[in-house]
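Okay, so chain A shows up in both of these, paired with chain B first and chain C after.
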Partner chain A sequence: MSIKRWARLLGGLAVVLFLGAAPGIVSAFMVQFLINLFMMAILAESWNIIGGFTGYASFGNVAFFGIGAYTTGVLLTRVGFPFALALPAGGAVAMLFAAAVGFPILRLKGHYFAIATLGTAEMMREVVYNLEFTGAGTGLVMPILRTPLTFFYLMLAILAAVTLVNWWLSQSRFGYGLVAIREDEDAAAVMGINTPLYKTVAFALSGAFAGLAGGVYAYWITFIDPDAVFKVIITVQLIIMAVFGGTGTVLGPLLGALVLSAVSELLATQLATLAELFYGLIIILVVLFMPKGLSDLIRQGGLSLRYFARNLREYRI
Partner chain B sequence: MAILQARRVTKLFGGLAAVSLVSFDLREGEILGLIGPNGSGKTTLVNVITGTLPYSDGDVLFRGGSIRGLPPYEIGRLGLSRTFQIVKPFRNLTVLQNVMVGALFGARGGARELGSARRQAGEVLEFVGLAHRAHAPAEGLNVPERKRMELARALAMRPTILFLDEVMAGLNRAEIDEAVELIKRIRDRGITLVVIEHVMKAIRNVSDRIMVLFHGEKLTEGLPEEVLNNPQVVSAYLGRRYAEQAHA
Partner chain C sequence: MLLLQVLVNGILLGGLYGIMAIGMSLIWGVMNIVNIAHGPLIMLGAYVTFWTFTLWGWDPFLSLPVTILSLFVYGYLLQRFILNLIVRAQLFLTLLITFGVEVVMVNLARIFWSSDLRQVTPSYAAANFAVGGLTIPYVRLWVFVTTVVVSVIFLLLMERTRLGRAIRATAEELRAARLTGIPVGHIYAVTYGLGAALAGAAGAMWGMLFPITPIMGGALTLKSFVVAVLGGLGTMMGAIVGGLVLGLAESFSSTYIGPTYPNAISFGLLVLILIFRPTGVLGRGEGR
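Moving on, here comes the complex of A and B:
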């Protein structure tokens, strides 16, 4: 590995350590904000594996989040598993579900794939609504854990892990295979890439991390119901974050989650009812002026009129 | 000995036979020219052999073993590689990264690490004369450069057999001469080639043997001079009247 790469890894480690020390410094409110931020960042980074690197825009990743939340929740409350077992089980079930669903629907492309994934998430919501052992429509109440920092560190650790996986994708044969599929799947196949397997593994990885985030979320928030954890808007939010930061890059989705979470929090406290409007406006402006996301903006040397003008020209808007 | 044997390969699109009962042997180390008017089934034949399209009937043996029904990636790993007539670059990658994908995957025994893939890709770019563009984004290449990159990617797969689908289309005369030289140098590396081409002068210069397809069927096969002077071939290309005049 080159020195630059080591420096980046060390830099990342320093950030994680700094964040690890954060709860000692910041307010309790800030800790809750950070837990939520980490969660959205995990979802955006895990979506990036299938949506960014592989180029399959999944609109159903909330299904994995919900399945993770419910698996962990049911094992915790109905079966009596300790959380240390219930959480990995949530990740594992979400991963297996993603693999099982992914194998057939990853044959679809573009809009058809997006619609199929959207349908999968909605279907899971209906399924959970109608199952007795999940608490059906009334939801599931978790026991209360009186150490909120557990959730902080768990979310941070999962975020670090999923970011490392994204970094590995940017540096590995497997990642090159995914990018080749994104760029031209027919060419990728004749070049010797087992495209069905690669896509399924990418989808399963994506599902595993979303499932883990869901598992932590369930225990953290102490109450889940189908509408809360299979909400389509969560998928939309995490895709916006990934696109805002830069899809297919290692840190873009994380950056997008950070900036947009902060912006939306600020707007909510400052503007209350108009918050959604401004949030929407920001997204429209970003898509128009910097469609490749924050990470590209930074790489190209920061804010300048020329950068925006070039994007407008290049994408013929 | 024949390295590839096509046996009555047939591809139907609805009622239309795009390829019909085509049989031929490909000898190890040769350059086989594959010609025929537009729509005669050349590309379809390559698509079927390389697994991009399913067979309607027939079989293809590679080193004596059937490859019918194998997915494209397994055929690629066996050592059959191809270029596309309409090139399929990985647009957001650099030229070097495009070729690295070929080195990383491709035939068994290829590079499995980025470092060695990068080295191999660099060598291949040197070989095809595109090294100076290694770090350019693929979408910035002009047509001749794109054709070369397509060729470089296929070569980086370390193929045993290479199918070239109109790599000379859109090139000027000087570029065609270069391409002919390049194809001969590829053969000198021990790679067997099937070259689909429309440029007659080039195909005559480069091929050891030529096979002609017409309306999906094999019209004839043989040495370049005898095939290109065959009245049936002339008539297929230029119309019957011209052929009659030529032989009057």
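Moving on, here comes the complex of A and C:
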């Protein structure tokens, strides 16, 4: 590895250590906010593996989150597993589910893929709604853990791991293979890339991290029901974060999650009922004026009218 | 007898799904936009009818032209001044912007009409008649007849007029259409306006059968998706057939399997169709 890479890794490590010390400094409210922020960042970064690098716009990633949450929840409450076992199981089941579903669905392209994943997530919600051992519509209640910092460090560790995976993708043979699939799938196949395998592995990786986040979420919030953990809006939120930050980049989704979480938290406290309305307006403005995300904005040299005008012209009819 | 009743219920509901999906399919087929704001357009149509009904006492069927026209204008302006700016971007960007429009519309509806359940109840709302043991509510029958009439008018517009030809040409090959002098920006806006008008018509009639709320659109967007894909994108007849299939599937599954399962079944159906026949039941061309 070159010196530059080592420097980046060390920089990342420093940020993680700094964040690790945060609970000692900031308020309890801030810690809760950070846990939620980490969770959204994990989801955005895990979506980035399939949506950003591979170019398959999955609209069903919330299914993996929900499956992770429910696997962990059921193992904790019904089977009596310790959390240390239930959490990895949640990630593993979500990963297997992603691989099993991904194998047929990843043959679809564009809108068809997007909708098939959306349909899968909605179907999972309905299935969980109708199953007895998941508590059906009434949901599952977890035992309460009295050390909230556990969740903070777990989310932080998972976030560090998924960011590391994204970083690895940005400079490994496997990652280049995914980008090749995004740019031109037929050409990638001709070059000898086993495209079905690559896509399925990317989807499974994406599912595993979303599942882990779901598992931690379940124990953190202590109550899950199908509507809360299979909500379509979660998928949309994490895609917006990834797009806002910059898809297919390592730090973009993280940046997007940071900025948008802060904005929506601010909106929620300042505007209360109008918060959602403004969130919608922000989505429209972001797509119109900076469709390539924050990382492109930074690379192009910051805010300027010309940058926005160029973006407006680019996709206009 | 029950079987026949379930069949009739499914067909009557299916007509409404069909007209929703024609609009969705049109917007998707011509501009390659998956219109997440489709459900809210249906909602808006329902509220326009609700207003003309409660404020001025207009009959909901007779006020249909007003609803259709207002939704057309709304859709035209939305596409012309906002969506046209981003229409050539990647798929998830157009998806996202229509999602943003959805969020804004739903929240504005909350402000204008509050979150209360509203209903359009003309004097004949509860009336029905019996034919050979079947019970058929008048409203459902008229809704079905109206959807058929509106669909036929729309099909004629698309197939027989210069405007329809221009829309189809634009869908086929954007650059060539522009070269032959078709104002594509205007045509895109008209297309979205037509899709919105159909959604509005569906909403006007939906409001006579089911309660109206600001959040009613979400589920209807998904159903319009399912139907549009079931039938095959861009084919208008396909959307109608898809609507009937979904209506029948829901009607049968809620009677014979259980009332909590219809959504799971429609989404399961969707995923299976996508995997095995991605171009839809009546579709052609390539989907993978």
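As a working rule, the second predicted complex is superposed on the first by the 316 of 317 C-alpha atoms of A that agree within 3 Å, B and C clash if a C-alpha of one lies under 4 Å from a C-alpha of the other, contacts with A are read in each partner's own complex, and residues count from 1 in each chain.
One rule holds for everything that comes next: a residue touches a chain if its C-beta (ideal position, glycine included) is under 8 Å from a C-beta of that chain, and two chains touch if they have at least 3 such contacts.
As the structure is a prediction and not an experimental result, all values here were calculated from the model.
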Fit or clash - chain C, chain B, common chain A: fit
Contacts of A:I240 with chain B and chain C, given as first, second, both or neither: second
Touched partner set for A:I67, first chain B, second chain C, both or neither: neither
A:L118 touches, of chain B and chain C: first, second, both or neither? second
Touching partner for A:L281 - first (chain B), second (chain C), both, neither: second
First, second, both or neither for A:M155, with chain B first and chain C second: neither
Touching partner for A:V232 - first (chain B), second (chain C), both, neither: second
Touching partner for A:M39 - first (chain B), second (chain C), both, neither: neither
Touch count on chain A, higher of chain B and chain C: C
Superposed model, angle subtended at chain A by chain C and chain B (C-alpha, nearest 10 degrees): 80
Nearest Cα pair across chain B and chain C, whole Å: 13
Chain A positions touched by chain B in one structure and by chain C in the second: none
Contacting residues of chain C [partner chain A, same complex]: 28, 32, 34, 82, 84-89, 91-93, 95-97, 99-104, 106-108, 110-111, 174, 184-185, 188, 218, 222, 225-226, 229, 260-261, 263-264, 267-268, 270-271, 274-275, 278, 287-288
Touch list for chain A against partner chain C, complex: 51, 57, 59, 104-105, 107-112, 114-116, 118-120, 122-123, 126-127, 129-130, 232, 236, 239-240, 243, 273-274, 276-277, 279-284, 287-288, 291, 312, 314-317
Residue ranges of chain B touching chain A (in the complex, touch as defined): 50-52, 71-73, 75-77, 81-82, 84, 88-93, 97, 100-102, 104-107, 110, 112-114, 117, 153, 157
Chain B-touching residues of chain A, taken from the complex the two chains share: 171-173, 176-177, 179-180, 183-184, 186-195
